[in-house]
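This structure is in structure tokens; I'll ask about it shortly.
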Amino acid sequence: MGYLVTLLTIICIYTMLTASMDLILGYAGLFSFVHAALCGVGAYSAAFVMLKLGWGFVPSALVAFAATALVAQATAMITVRLDEHYFILGTFCVGNVILSIFENWTDVTNGTSGLYGIPVASLFGWTIAPGAPYLVFCVALTAMVLAVKWRLVSAPFGIALQAIREDEIVAAVLGHHVRHVRTVVFVIGAAMTALAGVLLACYLRYLDPTSFDFPFTILIWAALFVGGSVGTVGTVVGPAILVLFPEALRFVGLSGPHVANVQQALYGILLILLMMFRPQGFFGHHSVR
Amino acid sequence: MKIMTGSGIALCVVAALSTTTIAAAEDTTPIKIGLSQIASGVAADYWSRQVNKPALLAIDDANKNGGVNGRKVVGILEDNQGLATTGAAVAHKLIEIDHVNMIFVAPTPAVLATLPIAETAEVPVISTSISPKVAQSPWGALAQPPADRQGEAYAKFVIAHHFQRVADLTGQSDSDTIASNAFKSALTKAGIKIVDAETYEVNAQDFTAQLTKIRASNPDCFLIQSLSGATYGFILKQMAQLGFRPPTILTYYQIADPQTRKLAGDLVDGVYFIEIPVDPEWNARVFRPRMGYDADGNGALAYDAIALYLDAYAKSGTDDPKKIRETMLNYQGYKGAVGAWGYNGQPVTQVQYRVSRMKPGGGTEVVP
Amino acid sequence: MSELAQLVLNGLANGAVYALMAVGFAIVFNATHVFHLAHGAVLTFAAYCFYLLVAVAGLNLYLAVPATVALSALFGCFIELGIYAPLRARGAGSAGLMIASLGFLLLCQNIFAIVFSTDVLTIRSGGLAIFELGPLTVTSLHLADGVVAIVVFLALQAFLTRTQHGRAIRALADNPQLAPVVGIEARRTYVMVMAIGSGLASIAAVLLTWDLGVQPAMGFLIVFFSAVAVAIGGHGYLPGALVGAFVFGVLQQLATWQLDSRWQNGVTFAAVLVFLALRPQGIFGARLNVRKA
Amino acid sequence: MPILEVKSLDLSFGGLRVLQNVSFAVEARTITSLVGPNGAGKTSVFNVISRLLKPSGGEVWFDGTRLDTLRADQVARCGIGRMFQDPRIFAGLTVFENAMSGTRLRANHPWHALVRDRATRREWDDAEVRVRAILGDLGLGGRLDDKAESLSFAEQRFLSFARCLAAEPRLLLLDEPTVGLDGQSIGGLIERMRRLVDRHGITIILVEHNMDVVLGISDRVHLLVQGEVVASGSAGEIRQHAKMIEAYLGDRYVAADP
């Protein structure tokens, strides 16, 4: 049972990351390659205050929000001016810098050894036990994030985001401050990944730099494209498929060596086929063009 | 690789079958060992040769000798991809679905994500990682000397040979960093000068920047740390290309991996390294005939970690994981693949490193 | 001082390989407007081809190198005809093409890992012959890298400016809206551009394989590095890619100068970011006020 | 007192001079046309006014505000609407969303999108009512939830017109709005433009090739050739210079039946 609870917890955390990616990539059209690293900024900053200052979940999450938003703001200042493809490169560079900080700022991150012994989440003095209670907590927060996202994009703000994605020149001529809107949505999305990072930190109770490397961002992209960009259902279904599918492989005897290579190769084929035959994913409302 | 795939699938089928027949009588239920290890990625092939296969070989041998108190031993290998997230999921799977008696897990991120889960479930964890955190857990045991002891072994060599100008090149991994720090603090204590210390990214292929700086510091002894034979190959090659060859080069036993000589050729000749001694008789009798290659320290320790645990299981005469772990830690006179060793009451293996050298033209020799 | 000079020299040697990759990437990106991440897959493919031809089939280098270039050019055509062209026909734009390209990179990388294992495969061992210039050293191969990169680049420039096919490529690069107008012509030109770009990647692959051997994951970082080099050089101007690659190679080395080398990656990319913040259009890129207008 | 003043505008790319010393003034509540051969720089004038291009010299003033130092979105917020030569609708959005994208509301800000206080809600509701009315007026009332890419070319053009109007501009820059429309649609469009000027006090600048349209509704016409204004006058004056226009533009531009 605990195994299933674990998988559902991971799906929740990935859903949060995918929803935030949907906001940034699906709605605003920004191919962010720094997603996992921003999640790491949230996770590390929360874990640091939990470990060193013994703070509870809420204040730690606030610290994570602040730290991640700050990093995202700095990232956006440089990268949102870059053209579509160069935005990926800009965020790739930022990701490298952040990973380097995870590895080398040993006083805070404990370097490659990672932060160990992160306490279980506690809410105003009440401990949330690992397992089912923590899952409920994650589900609640994920639902909250999805609700916030829905409220944002169902308002004219969401239309402005999509207008900018479709044609930034026309959007500007209609009076939308493209750079500002992109910065804002990037920072909001980063705050969501920060929350996912905090949940991940309290779930794993251990953080190390390899957890936030680029393949993780690619996984979230794949989850978004499978589920479908622009929408809510896809941001839940996509991660669910990508988490459950490889786990299911363990039970059909396909767990020999190279299974991860097979898995990654399948992701590759999946991305090609999706772009070819179903660019809106399974539940998306927008075709990636 | 084909053999491995076959045995991997076979194992899983066995595992699946045994899961379904778990309701059988108590004394015939198999003892299950969960292997949460790397089976994919850049390190996959080395890992498979020197960790996964040796561990499975130990289980195979135990079964050949009639199992543990007549009970069959089953190994269940799951790929943790070297990641914390996957490691946690694997730990839950092994504990809650497979009901394993023990988890054999490496490397560090996967181990440290596994520990809290195993502690809650009261399942012993044996790791061939070098993280000191494992030894601090009431359910953990380290089947490899912790990394700081590795650093001290380097220092011992440097001090014994009276080197005066030492340089250090270290990979950005957990174990290398800990070992390097222990090495440096031991040298500082002994009053030996570290003329330069450089670091590289684990998967790097270009070390020229670091080596250029180290060349300028003109060391008489150069410690290179890496967890991969290929990395040693690149480094030795690029040193030669910079016209840089210090009198003494000290390394870790991965340099004996065939990859190094393939890349660097005779540049590996005369390079010193510290290693876990592998019993040559065991290697020739048990390992080589069935695997087709030689075990290195990792391989031997992986074999021993499993074999010693199973011996202790049999000796303890109980299924209580806590008692089995105690028996294992206090086991006297165990003779294994790395010679006679034991935990001597501590949750850390007491195997000692020795210094060897790459022989010109191939092979290694022990330096007295 | 000699330390600094040696670092610059190392950087130029690495830059030469990046340059071949970056110019190939840039020519594809400029003419077909595909952010061709699968360029990394071409590199890896070419490297394994070269390895198989030399180490397994036992061909001599004079045959193996042209054969590798030809096979890689074919592989490039295959990517264009098998993936990019059908995607375009289905209405995919730059984003869809890029994602598919990334997918293909992942696919190839993992197929190679399954077929060839993740070990490094080599066709030669030991250090390369070196020349000593006072306190500086450079290997024959790295010297050759630089010469090859520049000669190939000059030949490419001559092709682009002197021949009809070359001019067609440049026309497409300058006027993307031309593509639908010229129809079949454009499609043929795309195939040709992919063949040329892949040929350039295969030369980089040969040089890398001779030096460091082959690994399935070798393409991933290097394609991003070369794309960063293109960004540094400036979009739409081919010599920019060449210069950007050398700048990036030297930057990687200088990042360790006077600084702890554990920060090498961080310092390198922080410097790139600072540069992009000050000059988003790159060294040679013109600042365009109207994009897509 | 003119509402828009363009003062000695220069624009060059590299060595190419696109605009040279272009000056004209536009009175409020009038329709002004820019005519000229292809490549004369008509669209470039629009691009400079809406600040998609930065002029190399000269100034643009709109109702006391200098525009050429602002950003494109700030220019738009001054009350300047712009229609492009191609409809350039947002293909992936619905018809209604396209038109809504022209509005500038408090709810465009994420905070108000999240909290939605009463003022925000009311303004938003009002905008939706207005946008529905505009779309209904332009004959798109029945297709609000269709994807914009499913519209015909003429419908797309009307949609982009609606998107412009949703912003309630005071000055409209229309770049060849009649291209691709049939006679009936053109008539409707002309009538609408007239009504916008007369009833709603909007000022319009038109780039147009169809001389019927130009001479039919323009209060003033400027002739641009190779980046320079070579002639200006009322529609009547220009009509009398038909020979001159013909010389510059060829017969295509001469009104068939004045």
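Letters A, B, C and D name the chains as they come in the text, with residue numbers starting at 1 for each one.
Criterion: contacts are C-beta pairs under 8 Å (C-beta built on N, C-alpha and C of every residue); 3 or more make two chains touch, one makes a residue touch a chain.
This is a predicted model, so every value here is computed, not measured.
Visitor: Starting at chain A, how many touch steps does it take at minimum to reach chain B?
Guide: Each step joins two touching chains, and the minimum needed here is 1.
Visitor: Count the C-beta contact pairs for A-C and for B-C, then tell me which is higher.
Guide: Looking at contacts between chains, A-C has the larger number.
Visitor: Among the chains here, which has the CA centroid at the largest distance from chain C's centroid?
Guide: Between chain C and the rest, the longest centre separation is with D.
Visitor: Among all chains, which one's averaged Cα position is nearest the averaged Cα position of every protein chain shown?
Guide: Centre-most chain by C-alpha means: A.
Visitor: Taking the mean of the C-alpha atoms as each chain's centre, how many Å separate chain C from chain D?
Guide: Going by mean C-alpha positions, chain C sits 45 Å from chain D.
Visitor: Using Cα averages as centroids, what's the distance between chain A and chain C in whole Å?
Guide: About 30 Å, centre to centre.
Visitor: Distance between chain B and chain C based on Cα centroids, please, to the nearest Å.
Guide: A distance of 37 Å separates the two centres.
Visitor: Where the CA atoms of chain B average out and where those of chain D average out, how many Å apart are those spots?
Guide: The computed centroid separation for chain B versus chain D comes out at 72 Å.
Visitor: If I count partner chains per residue in chain C, which residues reach a count of at least 2?
Guide: Correct list: 113, 262, 265, 290, 293.
Visitor: Indicate the residues of chain B shared as contacts by at least two other chains.
Guide: Residues 1, 40-41, 44, 172 of chain B touch two or more partner chains.
Visitor: Which residue numbers or ranges of chain D touch two or more of the other chains?
Guide: Counting only residues that touch two or more other chains, chain D contributes 52.
Visitor: Give the list of chain C residues in touch with chain A in this complex.
Guide: Interface residues on the chain C side: 29, 35, 83, 86-87, 90-100, 102-111, 113-114, 224, 227-228, 231, 235, 262-263, 265-270, 272-273, 276-277, 280, 290-293.
Visitor: Which bits of chain B are touching chain C when the two form their complex?
Guide: My answer: residues 1, 40-46, 172, 198-201, 203, 205-206, 208-210, 212-213, 215-216, 230, 233-234, 236-243, 259, 261-267.
Visitor: Which of the residues in chain B end up touching chain A in this complex?
Guide: For this pair, the touching residues of chain B are 1, 4-5, 8-9, 12-13, 16, 39-41, 44, 48, 52, 77-79, 81-85, 88-89, 92-93, 95-97, 108-109, 112-113, 115-116, 120, 131, 133, 172-174, 177-178.
Visitor: Hey, which residues of chain A end up touching chain D in the complex?
Guide: Result: residues 148, 151-152, 155-160, 162-163, 165-167, 169-178, 184-185, 188, 286-287, 289 of chain A touch chain D.
Visitor: What does chain C use to touch chain B in their complex?
Guide: Where chain C meets chain B, its residues are 2-3, 6-7, 10, 13-14, 113, 117-120, 122, 125-128, 130, 132, 137, 139, 142, 212-213, 215, 217-218, 252-253, 255-257, 260-262, 264-265.
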